[in-house]
Every structure is written in structure tokens, then in C-alpha cells.
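What follows is a short report on a single structure.
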Amino acid sequence: MASLSCSADDLAQLLGPNTTNPTAAAAYLCSQFSTISDKFTDTAYAVDSTYLLFSAYLVFSMQLGFAMLCAGSVRAKNTMNIMLTNVLDAAAGGLFYYLFGFAFAFGTPSNGFIGRHFFGLKDVPTQSYDYSSFLYQWAFAIAAAGITSGSIAERTQFVAYLIYSSFLTGFVYPVVSHWFWSTDGWASAFNTDNLLFGSGVIDFAGSGVVHMVGGMAGLWGALIEGPRIGRFDHSGRSVALRGHSASLVVLGTFLLWFGWYGFNPGSFTKILHHYSSGSYYGQWSAVGRTAVTTTLAGSTAALTTLFSKRILSGHWNVTDVCNGLLGGFAAITAGCSVVEPWAAIICGFVAAVVLISCNRLAEKLKFDDPLEAAQLHGGCGAWGIIFTALFANEKYVNEVYPDKPGRPYGLFMGGGGKLLAAHVIQILVIVGWVSATMGPLFYALHKLKLLRISAEDEMAGMDMTRHGGFAYIYHDDNDDSQKPGIQLRKIEPRATTPTSV
Amino acid sequence: MASLSCSADDLAQLLGPNTTNPTAAAAYLCSQFSTISDKFTDTAYAVDSTYLLFSAYLVFSMQLGFAMLCAGSVRAKNTMNIMLTNVLDAAAGGLFYYLFGFAFAFGTPSNGFIGRHFFGLKDVPTQSYDYSSFLYQWAFAIAAAGITSGSIAERTQFVAYLIYSSFLTGFVYPVVSHWFWSTDGWASAFNTDNLLFGSGVIDFAGSGVVHMVGGMAGLWGALIEGPRIGRFDHSGRSVALRGHSASLVVLGTFLLWFGWYGFNPGSFTKILHHYSSGSYYGQWSAVGRTAVTTTLAGSTAALTTLFSKRILSGHWNVTDVCNGLLGGFAAITAGCSVVEPWAAIICGFVAAVVLISCNRLAEKLKFDDPLEAAQLHGGCGAWGIIFTALFANEKYVNEVYPDKPGRPYGLFMGGGGKLLAAHVIQILVIVGWVSATMGPLFYALHKLKLLRISAEDEMAGMDMTRHGGFAYIYHDDNDDSQKPGIQLRKIEPRATTPTSV
Amino acid sequence: MASLSCSADDLAQLLGPNTTNPTAAAAYLCSQFSTISDKFTDTAYAVDSTYLLFSAYLVFSMQLGFAMLCAGSVRAKNTMNIMLTNVLDAAAGGLFYYLFGFAFAFGTPSNGFIGRHFFGLKDVPTQSFDYSSFLYQWAFAIAAAGITSGSIAERTQFVAYLIYSSFLTGFVYPVVSHWFWSTDGWASAFNTDNLLLGSGVIDFAGSGVVHMVGGIAGLWGALIEGPRIGRFDHSGRSVMLRGHSASLVVLGTFLLWFGWYGFNPGSFTKILSPYSSGSYYGQWSAVGRTAVTTTLAGSTAALTTLFSKRILSGHWNVTDVCNGLLGGFAAITAGCSVVEPWAAIICGFVAAVVLISCNRLADKLKFDDPLEAAQLHGGCGAWGIIFTALFAKEKYVNEVYPGKPGRPYGLFMGGGGKLLVAHVIQILVIVGWVSATMGPLFFALHKLKLLRISAEDEMAGMDMTRHGGFAYIYHDDDDDLQKPGIQLRKIEPRATTPTSV
């Protein structure tokens, strides 16, 4: 890349002694170029920060999406509970990620396992980490916790929730993101020293780091808690406990789709970065391509699910389509920046199949996950990691992860099996790490009777017993408001005039 | 515009033979300027791509707005159906627009009628079309399909929906957008060869291309299907079938408003474009002005509707205000970038009147459109096209559509009638083309008994019969969950234990 | 900061007479630098406009947040009413702010009390005010009106609402924003002539200008109207009148959080502004820091509220947590750009305590504010103003309000008490001004019987009596559809045919 650095000495010599004051002329010109160079630096910081901040805001809007998706997917009697967990994911996550999480994840210089600087944002901003980086990474961290809360919905004590959520956002997730995304991480593709298998793991926006971590944590939680009462009947047949509002599910899904445009294309973190200066093709094109692959993977997965479910269950089901869509997104997240658009279609198609199979398997094993979060984020996330190792395009890999020419790329694209090996290791390591940390935690909570609510509470719904009342009051007994103190009772219709919703 | 191109020969001559090495000095300086020029190119691409991508995300959020607006405007028993169509608009639209749509619309070089390159994004990115352009145009395409789905809501078979939606997004809409927006389009104001009436059609963000196309398609669909059961009683009087949730309507309307800031100002596609370099007035001001005209038109239409409806019907109606607001937006869309803010107020006022009149007319003709989509997007869209031809400001027209000085502008602004003639032709051509393509399609579906659902299904609601159950379950029969297999039954309250919300 | 201005004369002399054509060579080089300088100007305008416009869109999305929060917090029978007021805040606000408001607030040159240019955006754009500034300020203005509408919800005549809303958005709020934000304002920290106490008021994004104004206006409205029927029983005990949908409350809260990233960081209005050119630390870092302080203050307030309410009321309450969160945001708004992240945690903690205390006090005084808007925006807003005067950091104050070195800063940071005095004056002045304008207005409306609805209407709900029907119809009586004219009746369950959801 041509630079604007200017040597006044050289230029003075070129102008030569016949020029009246060559030194001053050269210094003058060089100072102009240096000013220009500084202004370009400023511009790049401003543009990239704008890009990163608005991407962070989009990713944050996914938390709203999760809240609405979860709320719509549970029964009305547990709506307040699940929404409170989602609000607190963001709020408690904000504090813990500020205090420890960001430091564990990106504190540099550090060893390959865990970061050890930047606690409480000390010494930030630096050359490479500005406040906007923190905000962006925080939005990612709370997404992981949000995934897990879906798996254990409708039957978990609120205190247990507070404990696991802090632990996940503050420690488990940051360590994983350190491994794969920090420049010091042992498996990071950005590692400047030595890359795992000469390649490192290409988990661009976190199919593994975010989705599998959240999904695996949910898997252990749901496994240890066991299914909700009534989810499997006495003869062992699966009974769908449908969520209370499909409108909220669709609202949440669309918001997640909207936010995913911050999640995937935003993961470049910089947009003013040329691949060859002065050309129309640069990182801005790669960002656009990432948005396109994301869209196509989700769309394909949605359509595949639509028709598969039509064949399997006989009706056109909107909540299944929404889950399929999200499965496609979770899968493309790892490879979104390094695959061709046509490959994204394959990714989405397989993701839908993976999700349906995982759900089948879960039913067989009597595993109950109200949001299908373990299947969706765990299963499709794992597929996404494999997919990337198969379809990563050489040119794109070298553009997105520059300065190491000849690095391995997708197996099916002729790039050999090294990337695949690295990615298999990623899956194993994530499964191992999350199982080794979250599994014992959930088990300890279980043994301490802190994990699952009582059967009576579960039947009555947590909103009534723990959260001060039901989430909805659609009918109004006007005369009730006259009666003192009837505040948090369960609303009982009167026998004489049975009311309805 | 001053450029940074630098001739080393010229500069060497200026420095002259007395300079020690004039050639090298000149080459050195010129290479610096060339580097600078390249960096400006990079910056412009990055800034414009950022602008376009985030605008595209905003436009995408309109799909969520449509979904919520439609969901709230239909009866509860058809909520799942209409939301599924909105999700699939986006998903199926993503695939079809990727495979054909974008190619038909913007594939260049091509003839004036239809594009023929870029199938499956082959050869993209080019100098003029990057991935972000595709994403932006896709978000527009699915909006057109979303409009139509509102017109035929609550009574259309799902299969019919899949067929017309693919056809509209994949062929009908792309061809129209080619005519008016592609540089090759026969009526495009960007056409570099010869402009229709020396002017071309100024449909900046698509009052005609998007809204009228969607509205006209909906008109034919709703006309061929006939009104919903119960919409007009035996004596022929109109009976309002109110939607099930005003909250969703307001949510959807606000989201559409939010997204319209991507739709209208975003249609500039570039923001780093000066009108005279170094001045505070440039395309960024025009972008801001467009956002202001959009806001004012919608606001005026909302207030006009509020007071008109108060006089006509006696109450302050929020859903009518929402529709009025959207009518104002649909109307200003064509001229948003080329009119003064005060003209936008006129635009909004008339749009509200047009919408009320169209609704009156529809009732007279026993035309039933659950979302008023044909009236709103068709009627107000047509008014918007006329409005632009009357009020387009000379200065703004020449800034937004540069390099052709002396082009016609608004009739009332002294610009002559040529623009009006071109715009009347636009209306006729859009009506003709959509009628000639979508009319026969709907008619064929009708004849094949694929269009309308059976009367029984319509009475029961499509959610129960086709989509696996009702969208909402606000009450919980706890004991039910114990009974096996009661999964998708209609929930019946029992006389013995009346349950409540 | 080094500039790119270039003197051809100087450069010609440096090149000297031995150069063949020194004048031409110098002119050539200088024209290149001038072109470059112009291009940087263009770039800065484009980047800053992009930043400001998207921030404005985010702030606009807060209106949607308000609408949903208000809708969920009132009883179902008044949903249409409150949502209509929120839609009209935006729409009527758009017109009035265009016609007068912006002129009163920012019309320059003017006196310290009120602006007097830019009516109907005449003479805009100027060097300092572009259309995008108007759009951004409009989004702020409607937020203030939105706050007030919450305080007087469920019992106010719609006409009264229209009157106060226009008056507040068109006059009261613009005058306050002129005082504290315009370069001419008598208490503005941007005032170029003489600063109040050598400091001016540092109300960066409007804890006082927006939140206290809205809150105090609401206080007077709610005080004059008195509590809702049934809010305090005969023995004077407080009876909760719970909102009808916690899902809408959470949706609204998250949208407000999302929008607050436009409100606070967006208030810089420019992002491409280096503090020292060529460094990684510039206004973009300050913008990011502002987003971080905002996040931390809200998060801390949410957690504090969660545990306080658990102790006080015995359950984990999601709507209280949402209110606490918003209280934290309202408080940090004044100082968000000039405090350290750790100070934001203190800010949020105290804000939660302030809100709880204010609510206690309100209960004691039998003051009824359905949204807690007076307590939240008034109380926490006032705390935010004090907080800023205590914790504003010297370095940040001088970066954000440059050009006046040695200005006072936070008392606890060693900056002396002048800032605190200025901020106490701000609180007094805002309370005085809003009381002197909105108090008499509400009182006059009250005396004219235009303020409060009749007791019968209040019991029946305004939707039924004024807005054409109930907001929700979750059950469908299919046979009803056949009967003509049964349109806006209250839905009564019938004993004979038990209906379902």
C-alpha cells in the first residue's frame, strides 16, 4: 500500500541547490502531506467507529428480539419471568462484562488462555481497542447468555438464573472468545505468532464462540433440570406446550434478523479498509457480501423448514419457520465473510435439516428445551463451523485474514483438510470447556435445590408466585378497582358471568 | 469539479532544468497526489457503503413493520397466516431476487425493457453495483410483495400466496424497477441516451415503482377473490371487521415510519457527494431534506386524517390515523428528494383526502381490502406521482439528477408540462403492466380453485385449519398438559371450572 | 491543528527564480492542496451527516418505545387513547416544530431567551444548521411531549391533550433548549460571549432540558387532574392499577434503550472531529465512551431496583426493573459525555434509589402518575444534573466543550463549586419556567372542564367512549359477523355459547 510518508531530505535533494530554499520548500510540502495523512487517519477512525457503533446498536437490538421470541414461546403464566431474565442478561451482563469479561476476553498482552488487562476498562482506549469495541463485544456476550435462558425457561429458579448468567457472561464466554478472537488466543486466526495448524479457527462472527457456547450451556441446564411438567405424557409421548403468542415470536424473529446485520457484517469492525487502494472492491464489498450470505442462508433455511414441516406435520407453521430461519443464521455466522453467496444457500439448507433432526432426537431422548435453543444454536452452530471448513473461499480468506498468504481454506474449494481439523478441534474444545464449567455449576445448583422450582409453582406459573402477578390483564372489572387491596391475586372469573379473554 | 490528477511532465517542466532532478521531483509529488486521490476513493466507497447498508437495514425493518401492521389488522384467527406470508415475503424474496430479480431489474448493459446480467449475482461487484446495492434493492422488492399480501388477507390459500409472491418479486416488480430506475430503462430519469420527453420519470424512491405496483396487484387479487364473508351484510351495508390488536397496528406503523427513513433518504445510495466541493451544502443536505419532507408529509396526513375522521365518524381513531400517516409516506415517496418542505405539507394533506375518498369508493363498490392496501398504496402512490410532476423544484431536480441541465421540472414551479406528461404515462404503464401480468395470474388461480379458501375454513379461521393452531393462548389449563395428545385442538373453556386470562 | 491552507506566494519564493516557472509550479501545487482540503470538508460533512441522521432515526425509535411502554402500562380499556397520543406527539410535533419550535430553539443570531429565525426552516441549511440538525432536534422535542402524556394517562380529554402537546412542543420546550443548548442561550455551555458563572450548564443530552421539562409538565398535569378513580381507596391506601401487558412494557423499554444510543452518543452531532489529529483518540472515542456510560448507568439502576424491590415487596418485578433502568438512563443523560465509566455506576445506583424514594413520596401524597413519568424523568433527571456537577472530569469537559480552557468541572473531581451552582440554577429555572407556563395552562383547561373526562367515561374506558372501540378482539364470534351493525359494542361473553380465546 502506497503511503503518504514524505522524506523532506529526499525531496530537498531532488529540488536541488539551484532552488532558492530547497530545504524549506521540501519541509513545507512534506508537512502538507503529513497533515493530509493525519486527516486520513482521523477520517478512518471516525468512519470505522460510526460503522462499529451502529453495528453494536443493531446487535443490542437482538436482545430485544430474544426477549420477544422467548416471551412468545413460553406459556403466558411465565412471561414476566422470561422477560425479566432477558432484561437482566443485558443489565447484569453490562456490569460484569465491564468489570471482568472484556478483560478476560481481550486484555492484551496476555497468554493464549485468558486475558489479564482492561479490568473495568482501565487503559482503554488503546491503539486497537476503543470504547466502541467494548460496546460491540458486550452486545455479543449478552447474546450468549440470552440463548441459554431459553433452554431452561419455565422451570428455573430466578436465583439460579442470576448465578449462571453472571458466570457465563463474566467468565465462560469471555475465555472462549479469547481463544478464538483475541490476537493472543491459542486458536485464533488473528494470532500473530503461530497459528493452530498454520490456519487458526475461522469463526468469523461466532457460530462456535457465541451460539455453540450458549447452546451447550443450555443443553446442560435443560438436561439437569429435566423436562417441564406435562411435556411428555405418562406413555412417554411428546406433548407440545405451545407458546402463548405467535405475534411475539414473529416480532422477535424479525428483530433478530434485523440485529443479525450488526452481528455478521459488523464483525469486520472496520469498513474503511481497502484491498487495493482506489478500487471499487474493498472491505466495504466484503461487508455487503457478508450481509448477502447471511440473508440467503436464513432465507433458504426458512423455505426448507416450511416445506419439510408441511410434509412432516401437514400444516404451514410460522413458529417452525421462524426457528428454521434462525437456525440458518446461526449456521452462516461462522463463515459468513469467507464464502460465496451460493454456498450460503447450501449452508441454510443443511441447517434446516440439522435443526429438524436435532428436534427429532430431542423428542426421542425426552429432552425438553422450550426455545429449541440447544438444538438450534448448538446443532446449527456446530454445522456452521464444519460448513466454513468445507466452503471457505481462498480469495476471501486471504482478504479477511490478511498478511499470511497460503493459509488453508475450505476442503471442497481445494484448500486441504487443515482448516477442517482446526474446526473439529474448535467444536470439541467448546463442548469440553462449556461442559466442564457450566455442567458442574448446574449440577451444584441442582444439588443445593436452587435450580428447579417446585411442582406447585410450575403448575401455577412463576409470574403469579415469584414476579408479582400475571403479565396480561385484558379484561377490566371496573368495580374491582374500588375494592381495596386486591392487588396481586390471581384473577378469578365469577361464576355468574364467565368472562373470556 | 477540481480533480487530483497530476501530470508529472507538466510539473517537471514547471520546475525546469535548473532543479537538480525535476522529473524525479515531479514524479514524487505526483505519486503523492495519486495516493491521496486513491485514499479519497476508498473513503468515499466506505462512507457510501456504510450509508447504503444501514439504510438497507432500515428498509428491511419495514418488513417487520408490515408483519405487525398486518397481524394487528386482521382478526385473531388469521394472525399466523398473515405473519407467515410476511416472513416468507422476505425469505422467498431473498432467494428469487438473488436468482432472477436483481438481474431483470439492474442487469446492465441491457435493453430498455428488461435486464439480462447478474443472475445469481454473477459478476457482482462491478464499478456501479456492489453487494450492498443488491441488499438495498432486495429490501425494496419484498416491500412490494408485502403490500399485496395485505389486500388479499384472511381469505387466500397459502399456495396461491406462494405463487403470486414469487412471480411478483421475481418478475413483475423487477421489470418495473428496470424501466424507471435502471440506467437502461426506457423511462428512467437516469437514462444516459435519450430521456422520455427529455425528462424521464422522477420516481425517486418508488411511489409508482413500489407502492402502485404492490397496490395494483392487491387490487386485482382482492377484486377477483371478492370480499370476506360478513364484510358486507345482506342489505349491502358495510360492516367493519376490526383487526384484533391496535397495539400491533401502532407498533407496525411506527416501525414503518422508522424504516421509511431508509426507504426515502436512503434512495440517494450515496451521501459523500458534493454539489460544489468544500461547501456545507451537498448531497448530505439533500439527504436530510428528504428525511424532513418525508416526516412532514406523513405528519400532515396523520393530522388531516385525525380531524376528518373525527368529523366523519365522531371518534378519534388511532388505526385510521396510522393509515393516514402511511398514505402520506406513500405519496411523498416519489418526490421526497426534489420538493421543498412546504410542498410536502400539501402532499400529505391531499394524500389523506385521497385515502378517505378511495376508502369511500371502495365501500360503494363493495371492494374489500383488509389493510386498505390497494387504496393506500395504489391511490396515494398515484397522487404522489402527480404531486411530484407539479411541485418538483428546478434546483433540486438538477442536483439530484445532474448532468442534464434544462430538464423539465414541476408544472406549478414553472417547469412546464413535460414532466407531468411523463408521469401520467408512468401511471398508465404501471396500471397496464401490473393488470396484464397479475390480473391473469390471479384469474387463473381463481379458475383452478387455488385462490380462495373454503367458506368453512374462512369462518373457522386459517390458523386453526392450515397453520396448526391459534396464535394466542392467554389462559392455561394446567391440568390439560397432563392429558396426552391434546395438542392442536381448539381451546374450549369448560363450564365446570371457568378459567380466565 | 495543522491546516492545509497553502500560500502560493510563499511557496514560489521557496522554489526561487532558478526554477523555470516558480509561480506556476507553486500555484499548481497549492491548487492541489486546496482541492484536497475541499475534499476533506466534503468527507467530514458526509460522515457527520450520516452519523447525525442515523442517530436521529434511533432517537425517533424512542417514540415507538414510548408508545409501547405507555400502552403496556395502562389498562386495556385506554390503550387506543394513549397510543393515539403518542402517534400525534410525533406527527403534530413534526408540524409545530417545523413551523415555530426549531426557530424558537436554535434561530440564530438571537437574544439569550428565545430564537427568532428559521421559521418554517427558512434559510436552512446554513453553515451550522442543516436539515439533519432539524430532524435530530425534532426527535428530541417529541420525546419531551411523550414523557408528559404518560403522567396524565387514562383520565385526560383528548382535546386537552392536543392543546398542551402543541404548546409544549412548539413553545415551552424550545425555549428551554434555547437557553441551554443554543450558542446564544444565556446558560448555554456553548455560549461564545460570556458563560454563566464562567461555566455554563453542562446538560449534554438533556436530563434537564428534555427529561425534567417533560417530567415537571407531567407533574402539574397529574396534580391538577388528581388520581385515577380507584387508585387510592376510601381509607386512603394505595391500590395498584396494573398495566395490561408486561410484554409491551418490556418491548417499549428495550426500544427506549436502543434509541438512547442515538439520544446520548448522538448528541455530539459530529464524529469526525479529532482532538489531536492523527491519533487513535478523538471524538469517536468520546462517542463510544458515552455509549458505555449510558449502558452502565442503566444497567446498575436496573440491578439496584431488582434487589431493592425484592427486599421491599418480596418479588422479582420486571416492570419495576424496566422503570429503574429508564431512571438510570434519564439520570446519566446530562453527564454521559463528561464522566468516567465508573462514575456512571454511581449515577445509576443513586438514580434507582431516587426513583424508589420519589415513588414512596408520591404514594404518601396521593399523587397518581400511571407511568411514574414525573418521578422518573423529573426526579432522576434532577439527580442527573447534580451528578454531572459532581463528577464531570476536567479532561473530558475540555474536550467536549473546547475553546475555553480552565472552565469549572465536577466538585468531587476537584473542579470547584461553580458548575454545581450553575446546575442548581438550571434546576430552579426549569422548575420555574415549566410551572409558570404549563401550570396555568393545565389549570385553565381544568377550569374550562376540558381537562378530565367524566367519571362514567373513565370507568368505561376511553377507547370505548372516544376512540371507536376496544383495542383488542382476541375472540371471534363467527356468527356475529352476520349480524349487521354490531361493531363497537363492548364484548360480552354469553352464558349460552361459551367462547374461547
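The letters A, B and C name the chains in turn, as written, and every chain counts its residues from 1.
Just so we're on the same page, a contact is a pair of C-beta atoms (placed from the backbone, for glycine too) under 8 Å apart; a residue touches a chain by one contact, two chains touch by 3 or more.
Since the structure is predicted, the reported quantities are computational estimates derived from the model, not experimental observations.
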| item | value |
| --- | --- |
| Chain-level touch network, classified as line, ring, star, complete or other | complete |
| Angle of rotation relating chain A to chain B [CA atoms, steps of 5 degrees] | 120 |
| Centroid spacing, where centroids are CA-atom means, of chain A and chain C in whole angstrom | 30 |
| Centroid spacing, where centroids are CA-atom means, of chain A and chain B in whole angstrom | 30 |
| Multi-chain contact sites of chain A, meaning residues that touch two or more partners | 15, 18-19, 29, 36, 43, 47, 50, 54, 245, 251, 472-475, 498-501 |
| Junction residues of chain C, two or more chains touched | 15, 18-19, 29, 36, 43, 47, 50, 54, 245, 251, 472, 474-475, 498-501 |
| For the chain C and chain B complex, residues of the former touching the latter | 15, 18-21, 24-25, 28-29, 31-32, 34-39, 41-43, 45-50, 53-54, 56-57, 60-61, 63-64, 67-68, 71, 79-81, 83-84, 86-88, 90-95, 98, 120-121, 125-127, 130-135, 138, 158, 245, 248, 251, 466-469, 471-476, 478, 481-485, 487, 498-501 |
| Of all residues in chain B, those that touch chain A in their complex | 15, 18-21, 24-25, 28-29, 31-32, 34-39, 41-43, 45-50, 53-54, 56-57, 60-61, 63-64, 67-68, 71, 79-81, 83-84, 86-88, 90-95, 98, 120-121, 125-127, 130-135, 138, 158, 245, 248, 251, 466-469, 471-476, 478, 480-487, 493, 495, 498-501 |
| Chain C to chain A touching residues, read off their complex | 2-4, 6, 10-11, 13-19, 29, 33, 36, 40, 43-44, 47, 50-51, 54, 58, 75-77, 229-231, 233-235, 237, 239-247, 250-251, 253-255, 257-258, 261-262, 265, 271-274, 277-285, 287-289, 291-292, 295-296, 298-300, 302-303, 306, 313, 315-318, 321-322, 325, 341-342, 345, 459-461, 472, 474-475, 493, 495, 498-501 |
| Chain C partner contacts - residues on chain B that touch it in the complex | 2-4, 6, 10-11, 13-19, 29, 33, 36, 40, 43-44, 47, 50-51, 54, 58, 75-77, 229-230, 233-235, 237, 239-247, 250-251, 253-255, 257-258, 261, 265, 271-274, 277-285, 287-289, 291-292, 295-296, 298-300, 302-303, 306, 313, 315-318, 321-322, 325, 341-342, 345, 459-461, 470, 472-475, 490-493, 495 |
